[in-house]
Amino acid sequence: MSQRFGAGIWHFATYVDRYATDGYGDPRSVIDAIDLAGQVNDLSVVDLNYPFFGGEFTNDQIKEALDRNKLSVIGITPEMYTREFAKGAFTNPDPGVRRRAHELITEACDVVRYFGAEYVKLWPGQDGWDYPFQVDHHALWQNSMDGVGRLASENPDLRFVIEYKPREPRVHMSYSSVARTLLAIEKIGLPNVGILLDFGHALYGGESPADSAALAIDYGRLFGMDVNDNFRSWDDDLVAGTVHPIELFEFFHVLHKNGWEGVWQLDQFPFREDSVAAANHAVDFLKTVSRALDVLDEDALAEAQANHDAVTALRIAQKALFGSW
Amino acid sequence: MSQRFGAGIWHFATYVDRYATDGYGDPRSVIDAIDLAGQVNDLSVVDLNYPFFGGEFTNDQIKEALDRNKLSVIGITPEMYTREFAKGAFTNPDPGVRRRAHELITEACDVVRYFGAEYVKLWPGQDGWDYPFQVDHHALWQNSMDGVGRLASENPDLRFVIEYKPREPRVHMSYSSVARTLLAIEKIGLPNVGILLDFGHALYGGESPADSAALAIDYGRLFGMDVNDNFRSWDDDLVAGTVHPIELFEFFHVLHKNGWEGVWQLDQFPFREDSVAAANHAVDFLKTVSRALDVLDEDALAEAQANHDAVTALRIAQKALFGSW
Amino acid sequence: MSQRFGAGIWHFATYVDRYATDGYGDPRSVIDAIDLAGQVNDLSVVDLNYPFFGGEFTNDQIKEALDRNKLSVIGITPEMYTREFAKGAFTNPDPGVRRRAHELITEACDVVRYFGAEYVKLWPGQDGWDYPFQVDHHALWQNSMDGVGRLASENPDLRFVIEYKPREPRVHMSYSSVARTLLAIEKIGLPNVGILLDFGHALYGGESPADSAALAIDYGRLFGMDVNDNFRSWDDDLVAGTVHPIELFEFFHVLHKNGWEGVWQLDQFPFREDSVAAANHAVDFLKTVSRALDVLDEDALAEAQANHDAVTALRIAQKALFGSW
Amino acid sequence: MSQRFGAGIWHFATYVDRYATDGYGDPRSVIDAIDLAGQVNDLSVVDLNYPFFGGEFTNDQIKEALDRNKLSVIGITPEMYTREFAKGAFTNPDPGVRRRAHELITEACDVVRYFGAEYVKLWPGQDGWDYPFQVDHHALWQNSMDGVGRLASENPDLRFVIEYKPREPRVHMSYSSVARTLLAIEKIGLPNVGILLDFGHALYGGESPADSAALAIDYGRLFGMDVNDNFRSWDDDLVAGTVHPIELFEFFHVLHKNGWEGVWQLDQFPFREDSVAAANHAVDFLKTVSRALDVLDEDALAEAQANHDAVTALRIAQKALFGSW
């Protein structure tokens, strides 16, 4: 079976930030975004925000738009990071808000069931802190774990993936790294909680994404992944492969070597670019990676790695990826 | 004369970002913001965005709100970073957009004149690039300088201040550092262009803000300043003094030693905090700094600095700032 | 009992780096260093490198020097990061070198027993990688854990502490963060393995050191700590409290609140400073912190933290620390 | 004429750091290093440290070693960053040390003349500061400029190049960025002072190296360059092209477009690698870059850049560099 590609549907939305408050383009509904996603070569799945953005839409209406674009749903991302949750969803100081977060995500569970998606994606971007002395770290972390654990135990038929990130919008996010997230998952102790590993978040957090993937796989918790690129100091969500192609190749090599066969997804924010062109360019690079994995001299690479011989290992890898060497 | 304090009026607005697209609070008009600014202890000036946000207001209406809050205007910040300018104001690839940026800022000049403010503040946050190979760096930089130079030569009665920052919203901003901005100002060669030095931007750019201030003063170009705090890796715009009090004190020491007598301004974004409380807390710290400057043993410090004796210099400075030592 | 203070004995050595290969001062033996440590006010314990540097010394000779300076030993740091271990100690590709690392640390165990110290300190600074594709991450991490586990199981009478750090001298260190280290400790599953939390390493790794301490305490694994300061982007090992006093106070507050009663140690590298003056300045700050903990309004702080009210919490904390507010 | 390649001779030395104080290999003399450099494919020039390391050697002895390896000298790097200069060379608080730095560099001038080299390379790695409040920034910067200016005016027959870097070994270096260095050069006002642009230093300083090159060329001050790679947060001096191949290509594209025809040099520190293999791997990548420049569609790229069209520009560039697209 050939490699499947996917994208977060927000790839095809427009964006605001604290400066361009009038947005980087005209608002689009989720339906508009799906129709753009359908124009990308070889995209087969999307991750949908819930509630659906840009209007009131039924699941059936969304399904119809997906069908006409030959797309299916891999995951649902409940919007647990909007105004109501500005001081946290799982960790909000107000128990009423924590409850509302639980309800919102529980609704999202039904959307996952409707679409036959693989997982509920938890991205607790507002759960954390900004200042020294602001929070009781022990209590905050306990709430971070309790919120996930309760959802996972109430919905044993579904998978929950946590997408960690060092920061933004909070100055420090609770689920900040692969290791921190695995610690939580081990403590929660349920089989249906895993990691959605975002290449850019790992890179930005000072991790080697290939190492992060290896660790999550060691624990049997790599439930999903997505890619993009950045300059290591912020979650720029640039087009995959345009800045760090070699580390992206190493990341996919770890997945490949471990027989990980999930979807290769995009999590890009083309603020100023044509979103279809940005997605096509990334998918073209991913196809190059896929071909490179086929021609990589695995035995020679394994021997070089056994010796920690960086120059030899890189020569093998660069030759496979770039061809022209 | 006692020290005057000021704030960017956006300190009292609410914010959006790419996740909390519904905003971190109900929208406020500039009038609402001015009324909040009036509640801060000892605030006497504000910097106003132009166009005025949250409605259609005449200069007279704004003036009335300022008067009832005993506030005057230090500068006007034209919004040259909104949707129209997403690919740059001075450096936009479209000459029509560059012209529109020029017109907008020219309008802002008249607002400066109306309010008798000290300067037009140029913050070209969208002028720069995101990707390798995206731009011709020579041409981009030339446009960055030409845009400022034209304004300054057309309006010799006004001062223009450039507020540099390493990045955000662009991944790389053209006016990225104190030295880069001084290079441009020297090339432009006009007396009415200077720097608005944001403490947090310097910190975040890996500069020592005290050194940045000293350099701008050496060139006679320190026309304004504002303060806040961050964790050195992003422009967090946190409350001044809450993370890096010693470097903030060193920054003010350089201003004081050089007889720089301008307003001490706040550029904070209290996303999740009460904006009046956040301003009051910062002003209280600034007053502590002001008192510390009065008691600092300048001779002993100068001697320690002449020897590059860090431990002695810090003992003197920390004692003055923190008292309890 | 009053607070005890300590220091790594290397604080009183001289240093080389890749540029000043002739060193930042005349070489000193460990005996010289102990005699300098004895001049610091209120220092009662030291951590000793093993083998002892600067000559051939017996345990008895070291003990005599310690006794005349009224110092005792808190830990022994085997030098598992010198030339022989340049490509790793626990993770070296050569099994013979891994064995030699084991032997060296086993010798250090006997030195711990001789001095009645609290722990063997493991700082695997060469265990990691430099380049993409250089290593098999799964295998490397397994070796990282196996090396520690074997020592801990062979020496059940002793405690082993792992001092994590993001990098240096390796570009990426295996034991890179508090969460990663706790994952390993949980997997190793022995009661005598814990964390030595270096404030600067946590800061430099983008952690909030107070949060790191809280997490290690949650797992019952905070076996030791040391402090210093830096600019968040490298392990500068500057004098504690000179750059980030508020976060240092928060770190100690978490220890205090949890009844953690160990030694407050210094891990500073005064390359260009008088080492006794640098230690005294740091200890003076730590005493300020200790007094601040006594006057901190814990109830009011707990209430502010329960509300995630940063401004109120900081006002309480800054007032306690700085007095002059 | 085909592209000439060069290397700092330290590429072929061994190193120490503050942990592996016994060095990452047996010491080598400069003669040993030259003989290793001679084994690299297509290396034609070297930059030599002065004094020559690893023994007492005459210029004639060095020349003989160079001749037998078919190497010539591009520049001389006086060691103004060793113990004597630990608190600065140009900026040392002791005028006697400043004088000694001047004398050392003046001696190096004669070595440049002897070898017919292109420049004296100034790398003032100890000139700067470590702590807040440690120095008078104005005075320090003035000394930084005076030291260079005096040398340049006393030796009008020679060129002096300043190699800037953000930090290391000082926590902050005075010559920290391309713009700061150009400011100094403009102030010094002599024709024989320029920049040696190290790709890795620019990258690590948050610059886009291509933009840095363009700026230095605009001022007519790009007198030399060298390359390597790193992870953006430290001067790792890794093998060129192994981490950031696309930005390296962009850097060379700017040189090429501007008709800059100097030597492409390596500044790598292969701590744990075979130094000949590390150099060969880098040179192979540079040859790939050279071929890519030949096939790059310059017109199409220029058009994409005129529109700031990142996706199109990158597609053109990546295709030229990687072939397999």
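Think of it as A, B, C and D in the order they're written, each chain with its own count starting at 1.
The working rule: a residue touches a chain if its C-beta (ideal position, glycine included) is under 8 Å from a C-beta of that chain, and two chains touch if they have at least 3 such contacts.
If you're wondering where the values come from, they're calculated on a predicted model, not measured in any experiment.
K.L.:
I need the common contact partners of subunit A and subunit D, sorted by label.
P.N.:
B, C
K.L.:
Can you name the chain that lies farthest from subunit C, using the mean of each chain's Cα atoms as its centre?
P.N.:
B
K.L.:
Check A-C against A-B and say which one is joined by more contacting C-beta pairs.
P.N.:
A-C
K.L.:
What whole-number Å value describes the gap between the mean CA coordinates of subunit B and subunit C?
P.N.:
Roughly 39 Å separates the two chain centres.
K.L.:
How many Å are there between the centre of subunit A and the centre of subunit B, using C-alpha atoms for each centre?
P.N.:
That gives a centre separation of 35 Å.
K.L.:
Among the residues of subunit B, which are close enough to touch at least two other chains?
P.N.:
In subunit B, residues 87, 130-132, 206, 231, 233, 239, 242-243, 246-247, 272, 308, 310, 314 touch at least two other chains, as defined above.
K.L.:
Taking the complex as given, what residues does subunit B use to touch subunit D?
P.N.:
Contacts found on subunit B: 87-88, 93, 129-139, 141, 166, 172, 176-177, 179-180, 182-183, 186, 205-206, 208, 210-211, 214-215, 217-218, 246-247, 250, 253-254, 301-302, 305-310, 313-314, 316-317.
K.L.:
Which positions of subunit A touch subunit D when the two form their complex?
P.N.:
The touching residues are 206, 231-233, 239, 241-247, 272-274, 277-278, 281, 284-285, 288, 291-292, 308, 310-312, 314-315, 318, 321-325.
K.L.:
Which of the residues in subunit D end up touching subunit C in this complex?
P.N.:
15-25, 81-83, 86-87, 125-126, 130-132, 167-169, 171, 231, 233-234, 236, 238-239, 242-243, 269, 271-272
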